[in-house]
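In what comes next, chain A is part of two complexes: it sits with chain B in the first one and with chain C in the second one.
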Partner chain A sequence: MRFSRHRSTRLLGRLCFYAYCSLSYIFLLSPIVVVIATSLNGPSSTSEASFKFPPENLSLHWYWNIPSAQLEALGLSFGLALVSAIFACLLGVPAALGLVRSNLPGKALIAAVFRAPLQIPSIVTGIALLQLFYVIGDATGFYWQGTLLGLAIGHIFVATPFVVGTVTAILQRFDRRLEEAAVIHGATPWRALRRVTIPVIMPGVYAGALYAFMVSFGDVPIAIFLTAPGFVTYPVEIFYALENDFDPSLMASATLVIFICLLALLVVQKAVGLDALLKSGGTGSTR
Partner chain B sequence: MSGVVLKGVTKKYGPITALRTMDLRIEEGEFITLLGPSGCGQTTTLRLIAGFIDPTSGQILLGEDDITDLPPRKREIGMVFQDYALFPHLTIKENVAFPLRERKSDPSKIDQRVSELLDLVRLPGVESRYPSELSGGQAQRIAVARAVAYPPRVLLMDEPLGALDLKLRETMQIELRRIQQELRITTVFVTHDQTEAMTMSDRIVVMNDGRIEQIGTAEEIYDHPVNAFVADFVGRINLFDGVLVGRDQDQSVVEIFGGVRVKVAGSPSEEEKKLCIGIRPENLELLPSDVGATQANVINGTVVGRTFSGNLVDFYVEVGNNQPVLVEVPAARRSFEVGDKVQIVWGAEAGVVLGAD
Partner chain C sequence: MYVRWWLLLIPPFVISFTLVAASQFVFLESSFFKDLGLGRIGDEFVLDNYVQFVTDSFFLRALWVTIKTSGLAALFTLILGFPVAYMIARMRSQWAMILLAGIVISTFITIVIKVYGLIVIFSANGMFNQALLGSGLASRPFSIFGNTSGVVIGLMHFTLGFGVLLLYSIVQTIPKSLEDAAQIHGAKRWRVYYRVIFPLALPGITAMLLMVFNMCMGAFTSAALLGGGRVFTLPVLIQRTVMMDIKYSLGATIAAVLLVSVIAINILSIFLVRRMRAAHLVMV
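Up next, the complex of A and B:
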């Protein structure tokens, strides 16, 4: 078969395609490039000179001047994100199993409740939790704001829907005959769940856990209400630093985080693959 | 190993009846096929035997044991699923060893048993691969190996060959039969492919609309179908509605096409006036219209279509205003063209009398 279209037209189409792709990449990557480049400025007397782009007097000077408070906050954020991701899975996986497998009346309503944290603006969630913690504190004498417990509750609240979403998506494609094959060949329902169902839906769990981790790690609006002096997450610490003492060490610490995240993604990709993450596309709806 | 007995087993889903009081005795070591169009109740029957669903009423026996209320894992059944249902996250060895581990076999003997099983299905040395690395035919063999790993009392197969291409399906039919014979294992096989049913089974159960239409060997069902449904579903057949108009010794005279009288061996048991006669296309013969025919039955017609399929030629012959009659002729024999006037001839013993629908 012979195409009547001219070669030049096809070339033009191809150029447009490449241009479009390039622009997309520039749009997505340029802020990161600016941050990384700016962090490499050398020391100078005036503050404007420290933020030159492209950088002058390339050096790692600012990396040695990252305030220890930021590093401590970074440690807290990692720990918190890890705890949030784990608990989001412990809540989200059984929830997804129940939503997909059971014939509960009002299943749609329950699914909506599990999605609700995504539909409430985080700032509202933050205020609501703070208020709740005051009430609980007044009643019991234990105030949860400014504690790991209080922060974790807030982050688990917003992170769990992501796990429910990815696991629901993968469960809906799950071939029930795998479980039948397990059961007919001697497995108890519990063994079938442990040896077949859970391993097969694991990519969805990993994907959801990664989302949960990122949601917790990047959160400002909730954490800003629930942190206390001396107990601050990384994004909130950065937020304060921007307001108070803004210098390129901020860029240095941000660059550090970018590379840590990149490394983490590579490890996850190597270990479980990110295909599941991309395919499950965040919060799938329950049928 | 044991036989299986279904006693008045019924399965209803709300107002819909999937299976109507089914009675079936499957002998020990027998290869039995449940054959019928999709959704006729064969898969329901299989799932009832497996225990994935409970009968609305009736009883299922395995050997002497009533298993009606037993959960699937305690029934000691092996099953091969459509699309195989191999565990994608486990290696072939772990897949095949699954029933052994779940049923608490001696762990030190598992390796040896797995390699025996892979030899049985003629796929040795694939222990460390994953199901995604196997072809359809190989996955099929592994599914069989897993199903018989912990010697089951009964082997169930749910359209196991449906996903394979024709050539592979033919090979696997022979393979499955060989394995079944080697193990002498009671097997219940579900298919909607009548060729598959006929080549593999000791007996065939033809099912339709949730009930059994006929049980018998392939020959019995092909040569002596009990009704028009079975005759039509198993192999190809020309069905003519007619009226019984008389007797001639042990032959019946039936009027078809509103006027043509034909003779059929045997006679309906009761004095049914309306009936149906069926004649397989390979039992009909075509002659040029100018040749004197000696057979019992002759109908004149016109060739309106022909299709060539290698060893055979199918002729479609129009007789009056009725549906064309299908005649199957070996390709080597003399041929006719579309538009030729022909005579369709057959002996009285070539037709079967079927009850009218």
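Up next, the complex of A and C:
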């Protein structure tokens, strides 16, 4: 009798624990679920009815009525995020290799410079870059704000530390003897790098690229200063839309963005596995 | 094999350093010149902007609101996130990866999109308030827009994911055998948490709290969207000062204060942790 009561209280405790844990999931995921569901509302006369949850008379009506401004912004954001991810890798991978493998005196300080974009609030980065672009523009006559170049510089700047973080995490565990073995067997250092080191750090590169993509794709505080009217990224476009009128088609385009994010995550998961993603990034990258 | 690896550092370092140093210099330097409005600044080196910041209660209040919301968000991230991280870290099944994926997805989706979901959920006749009013727990609808609790909720939407991922890796470093040992010797479940897991995780928890606090202090988007033009944290104030009032040097002053207070709070807490460690209040 006593035994069974003990067991049932333990079961109850365990259930309470799981219920408590599920709160976090409800908190994090419910807005996303609601956006996806609400985007399926059918057309209606009042705007109130367009935001019904759960949705009524399911239709894809709003998907066919996404304004072109939103689609253009989405295209710009997607392209910008790709460019940022690629360049963040081109800068971040050599930086990580240099950081882990050299023994320069002020290495900690150099590492701090690479981490700096994560420490400085993005809004400060945004204004500071805008000011810098003004200065450069006044000197050269070519202003970078409101151009793809200027936006890309801002996003590459904040995205690079993520790649440095993920690749560094892998390189620190890397067994240098693998490379040495390749060289002993006649490989040139360049060939050893290409055939041994690069494949080993690839999971870190993918993970870093994914973080870089996401940082660029969701950024408001930097882009808000570096975009120009008619040349706006998607998050900034809907950031302004929130301040103004509330258009039900936003739910549809937001759902598209959610699926792009899922797709990007899936691509990386297929390439290197979610395990590699979590081990090399997430925690290591932001430190 | 001798390779000059440091050569690889030069291009990325030069680019990163130039961007950090040049942009911060140009921006922060302007904080020492008098703001004449409309983007014009004086050419005398003065501390007027800083004097204005410390004498105007509006700015000091904003600093306090920023610290308060960031602290609350960090605290709630720990309270909500730790059990989840613990649960996933101790799970042996396939579910662990799926649950982690859920966290990662939610972290990746920008708050600008989530805020639409929050608007629907918390609207006056949305499901949350219908349930709240229906149950009789509250007499009027609860809004998360334009108040500090909303800002904390917004901040937590990006800190909770990071917090769980970080705490997950911390819990993984605590061997399960220690818990088993405590339990075999008759410790109750909560006692195992309190005397075994918590002390071992404390350095990691402190690091997580600091990191999340830092992220929140600089967070713009969620604070701006959920503050609804009524709650002013320093990042929101910086954006408004620069974009709406077109006062660059005053904005730069607020940014300088933000940067300095973040650094100061970090140094202070590192110092505190050292002291605690010296007094053996923290293990490890």
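Brief remarks follow.
Methods note: the second predicted complex is superposed on the first by the 268 of 287 C-alpha atoms of A that agree within 3 Å, B and C clash if a C-alpha of one lies under 4 Å from a C-alpha of the other, contacts with A are read in each partner's own complex, and residues count from 1 in each chain.
The rule is short, and it goes like this: a contact is a pair of C-beta atoms (placed from the backbone, for glycine too) under 8 Å apart; a residue touches a chain by one contact, two chains touch by 3 or more.
A quick note: this is a predicted structure, and the numbers were derived from the prediction, not measured.
Overlay on chain A: chain B and chain C fit together in the combined arrangement.
In the superposed model, A:A81 makes contact with neither chain B nor chain C. In the superposed pair of complexes, A:R191 makes contact with chain B only, with no contact to chain C.
When both complexes are overlaid on chain A, the residue A:A223 reaches neither chain B nor chain C.
Shared-chain residue A:V200: touches chain B; no touch with chain C. Of the two partners chain B and chain C, more chain A residues are in touch with C. By the touch criterion defined above, A:A128 lies against chain C but remains apart from chain B after alignment on the C-alpha atoms of chain A.
Of the two partner chains placed by the overlay, chain B and chain C both lie in contact with A:V183. In the superposed model, A:A169 makes contact with neither chain B nor chain C. Once you line the two complexes up on chain A, you'll see the smallest CA to CA distance from chain B to chain C is 6 Å.
Taken together, the two structures place residues 180, 183 of chain A in contact with chain B in one case and with chain C in the other.
On chain B, the positions that touch chain A within their shared complex are 50-52, 71-73, 75, 77-79, 81-83, 85-89, 98-99, 102-103, 146-147, 149-150. The touching residues of chain C, when paired with chain A in their complex, are 1, 3-13, 15-17, 19-20, 22-24, 26-28, 30, 80-81, 83-84, 87, 97, 99-106, 108-121, 123, 126-127, 156-157, 160-162, 164-166, 168-169, 189, 211, 214-215, 217-221, 224-225, 235, 238-239, 242-243, 248, 251-252, 255, 258-259, 262. Only residues 175, 177-178, 180-188, 191, 195-196, 199-200, 202 of chain A touch chain B when the two sit together in their complex. Listed in rising order, the residues of chain A touching chain C in the complex are 13, 17-18, 20-21, 23-25, 27-35, 38, 51, 53, 91-92, 94-95, 97-99, 101-102, 104, 110, 113-114, 116-117, 119-125, 127-129, 131-132, 135, 153, 157, 160, 179-180, 183, 189, 192, 214, 217-221, 224-225, 235, 238-239, 242, 246, 250-251, 254, 257-258, 261-262, 264-265, 269, 274-275, 277-278, 282-283, 286-287.
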